[in-house]
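Order as written gives the chain letters A, B, C and D; numbering starts at 1 within each chain.
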């Protein structure tokens, strides 16, 4: 069954190497920047999971990211100790996505129409949160604050010990743990029947239905799982920035994550992670100079990637690697190509 | 409150990974580092771009005059791309890696609140040089822009004297607009006027048709606008397009800060009443020199607006404090800041108040005429009395919060 | 209710077009029935109605499968009764191998471990061994049809509904398919929609002929295919097309 | 009573506004199944072109009605040749490439025009409606939109080009079957779509303060209007523009423009839930 490679087998060697790198990285790099890149990576991976494997493209993934951030901030303001807020920041987006997802998938909404609905959900949240500057908008002790957002909430602490806040290097390790945890969880899910059914849905939804699988339920479930991960990323982002503002719901946030996934490569988990980290780093680098307009560079980069690397960076590289190997052993090469049929269709 | 325990954990973390976190300490020689974070791209760049240029100009001028304390000034400038995440990120970078001596930056209040805690925690002196809603009370922070008490009271006074007691307020829907609207209402009622209605608009709203109709329904004597940003420009356009500019006079606390007057034709813009800290026609020698230098360096002076000048003045004020302190040592600098330094700046005298770390400023009553802000009247040295009601950093040096003004 | 599948006054109308007009149809246990008719005769509409692809309302008549009323049921609900369906357009996962396609279909009933055995059996039965590790997207149209038949078979259904399974197949493939269908028929009831007369003859089953939304004739293949009315609608239509 | 008139006119204006900014996107989506995310920037460029021409002394009507569509149309042609034509049939890739294009255009316009808001005064004075002062220019926009819709309808209905276009909506095979080169048809379609966006930008320029980032305000609304409308270009766009325009303005008058916008967005969700293929997919195509 090696053909299920894309969903199944796990390359432990690579995994351990990455783990070692991530653990040791703070010795040479700025943990604060690295934390942000890991948070973005987690956010991208959450979209990569549902888009790359189940073929569900959301134009509004920022909704769950932002909902996670806001949920954490509001709950932390009211509760103080961070364990419950953290859990809520995962559960609330998951529940929200389950509702929106069920509404869409049981209503047979897909493709570009799903794109519009997810986009609209994000716009509603953005518009609403931007309009909450007045005194009346408060949840318990937390004022929503409109455009200015919510600053000054307690950040993550060691569970049970509100006095021990996680800041700096410890925060970085929390991000590492979150990303690895979600990665392993995704791998596990994909290696099970559920993962194979998702790939089946991506390949041919009608057939999956005819095989007797409950397609809307599977889609809703993966949508909610993905939203939970995005919510966790949003929660970490809130802790990293120490402020949440409506910009977490912005069109820009929502578009950027799509690009990260795409540039990194659809149909892999590692691709979106690398895409987010690489493009995030480029963005940060561009922010340190005032010579070239950043929009210009990002725009050119994006056009180039779409025209030049149809399948995103990682699959393209893998494909190139394979074609070299295939010259030596033709049979193995053919296997690799599977990496979910790389055509991007909504 | 949370600061001390965070430090504790940071210290624990640092020991855990053996000296990973940078330890703080200034180089005693080499250039003095001045950090700046501003939106040089993205949808707030209309404010940020001129500020970036003004920052460069101020630093170049200081260096041309031989630097400070015999050292050159090195400008480290980051573009936050109108994205809050970048503010946090670059603030950390400035404080931890670049180890700058001072930061001048932030545009929106949200961006200020995103970076202020970082600088407070790392003891990096922070200057916020933008007009804002007031109330920041933090010994590590200096605010050089106007607050509502400085600019709004004259606006209400002049407006009511000219046109009458019934006012309709429209404001941007975020804390600047919300708090400013409260102050405006307070000053109106103090003068026995009435506020017909107050409407708030998120920064993304660009269609004001229904609002203009509602204003006409109320028939106010004049309208005060505290609208902000590119989308809100549409209000002035639609106002003029419907011919309202001939029927109900308009006053504004923010008009001109984003160079709105350049976007309206004279026929549309003329007559709008503005009160603020700066006009390009300010009759000071420093202003002539500033505009001359800006034009020589960057070509066009048209884009110079109030907060670009505020940024320039903020840097000059900081330089004055450094000179007074004679050292970059923190306690010496705080002492200098709290000794009432004064500079003659493009907008007039700028005097830093020890109690609030805010500035007394000259306030101009202006009218738009032919795409220029012509000065009608000047209030000399108005103090930031709103913030002063609550904030006394001499008495409570540990204070660190933003007071919400209650009226 | 004795039949394995029965319809009562099944009626369907699209805008002004009467696609089905009060069709009463019964399929007996272990029966193999072919539905034929010219294009637009209503056989595909009929197929979509009984497989839940068109959701039926109150005024569409009623459908029973082994006595259970499935009027208004979804495809999913019908499939889960133990019905195997192959739709007209090949519905297979092009990005997956033949083996993977079958495995996914088998997994729901036979579990993770049990599936491989069932899949291997079916692959042997359909003589797909040589193709088992190939991507379905790379196969010829007829081969894909065969894969889809396999996907239906691994679910071990007791009622099998096939819409144009022989379309695009080569001569030898059609023969092999006919053999497979006859073997399936030993344990399950079948409905096969097709307009290839040769294929229908090969199956030698009973036949229902649709014409203009109604059943024109019903009976054994040999008899029906020689019925002059059938020849007329069929050949008339062929000429027109 | 006057107030009712004011409300009615504002509703009409909003419908016209939505139809106008959506027309270009709708044509490109309806005929090519391409979603052009740089649409907002095309509109923005139409505005900048108009303003630049007026500043250079060109008559404002010539600038907005002739030059702006021409300039943006040519830009559309170039974009189609350089980018879009490689991506037909890959709807997501096109969206991403055009998103990149939108960033690129924002960057270029920032370089060229700077970041200060620019605009031209409305060429039509306000007028009196009872006690209320109304924007005369709004009437002009309503008129232009009506003319545009009629023109589009006539072209589709009565001309050869319209016949080909209606064929194109069925898919590339149909174009080929009609004896035309789909590539060429798509090229022209995209150019026309871009030109319409330019026209919208030009016509709307006097009502907004134009910034390089102004496109973002248009794209989301146009996108939602077009998709909710469904694939029928004129009927779809009009039906969703009417629905959204009425809701948006009624709620805006009753509460605030923010709530108006939220109401419009919420309605979009409800509509798509009830009619997953858009309004026209449900009512004008028959069947399911």
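Operating definition for what follows: contacts are C-beta pairs under 8 Å (C-beta built on N, C-alpha and C of every residue); 3 or more make two chains touch, one makes a residue touch a chain.
Predicted, not measured: the structure shown is a model, and the values here were computed from it.
Enquirer: Can you identify the chain nearest the overall CA centroid, using each chain's own CA centroid?
Expert: A
Enquirer: Would you kindly say which chain has the C-alpha centre located farthest from the C-alpha centre of subunit A?
Expert: Between subunit A and every other chain, the largest centroid distance is to C.
Enquirer: Can you give the whole-Å distance between the Cα centres of subunit B and subunit D?
Expert: A distance of 38 Å separates the two centres.
Enquirer: Can you work out the whole-Å distance between the CA centroids of subunit B and subunit C?
Expert: Each chain's C-alpha centroid was found; their separation is 74 Å.
Enquirer: Please work out the Cα centroid separation of subunit A and subunit C, and write it as a whole number of Å.
Expert: That gives a centre separation of 42 Å.
Enquirer: Quick one: report the Å distance separating subunit C from subunit D, using the average Cα coordinate of each chain.
Expert: 47
Enquirer: Quick one: which residues in subunit C touch 2 or more of the other chains?
Expert: Where subunit C is concerned, no single residue meets two or more other chains.
Enquirer: For subunit D, give me the residues that contact two or more of the other chains.
Expert: Correct list: 107, 110, 216, 256, 258, 261.
Enquirer: Residue numbers in subunit B touching 2 or more other chains?
Expert: Within subunit B, residues 41-42, 173, 200, 202, 204 contact more than one other chain.
Enquirer: For a test of understanding, state which residues of subunit C touch subunit A in their complex under the given definition.
Expert: Residue list for subunit C touching subunit A: 75-76, 79-80, 85-87, 91-97, 99-100, 103-105, 107-109, 112, 116, 133, 135, 137, 148, 151, 155.
Enquirer: Which residues of subunit D touch subunit B in their complex?
Expert: Within the complex, subunit D touches subunit B at residues 3, 6-7, 10, 13-14, 17, 107, 110, 114-122, 124-127, 131-138, 206-211, 213-214, 216-217, 249, 252-253, 256-258, 260-261.
Enquirer: Please give the residue numbers of subunit A that touch subunit B in the complex, ascending.
Expert: Touching subunit B: residues 26-27, 30-33, 36, 127, 130-131, 133-135, 145-149, 151-152, 154-155, 163-170, 237, 240-243, 245, 247, 252, 283-284, 286-290, 293-295 of subunit A.
Enquirer: Under the stated contact criterion, what part of subunit D meets subunit A in this complex?
Expert: 35, 83, 86-87, 90-93, 96-97, 99-108, 110-111, 216, 220, 223-224, 227-228, 256, 258, 261-262, 265-266, 268-269, 272-273, 276-278
Enquirer: Over in the complex, which subunit A residues touch subunit D? Could you list them?
Expert: Where subunit A meets subunit D, its residues are 57, 103-104, 107-110, 112-113, 115-117, 119-121, 123-124, 127-128, 130-131, 251, 255, 258-259, 262, 293-304, 306-307, 310, 343-346.
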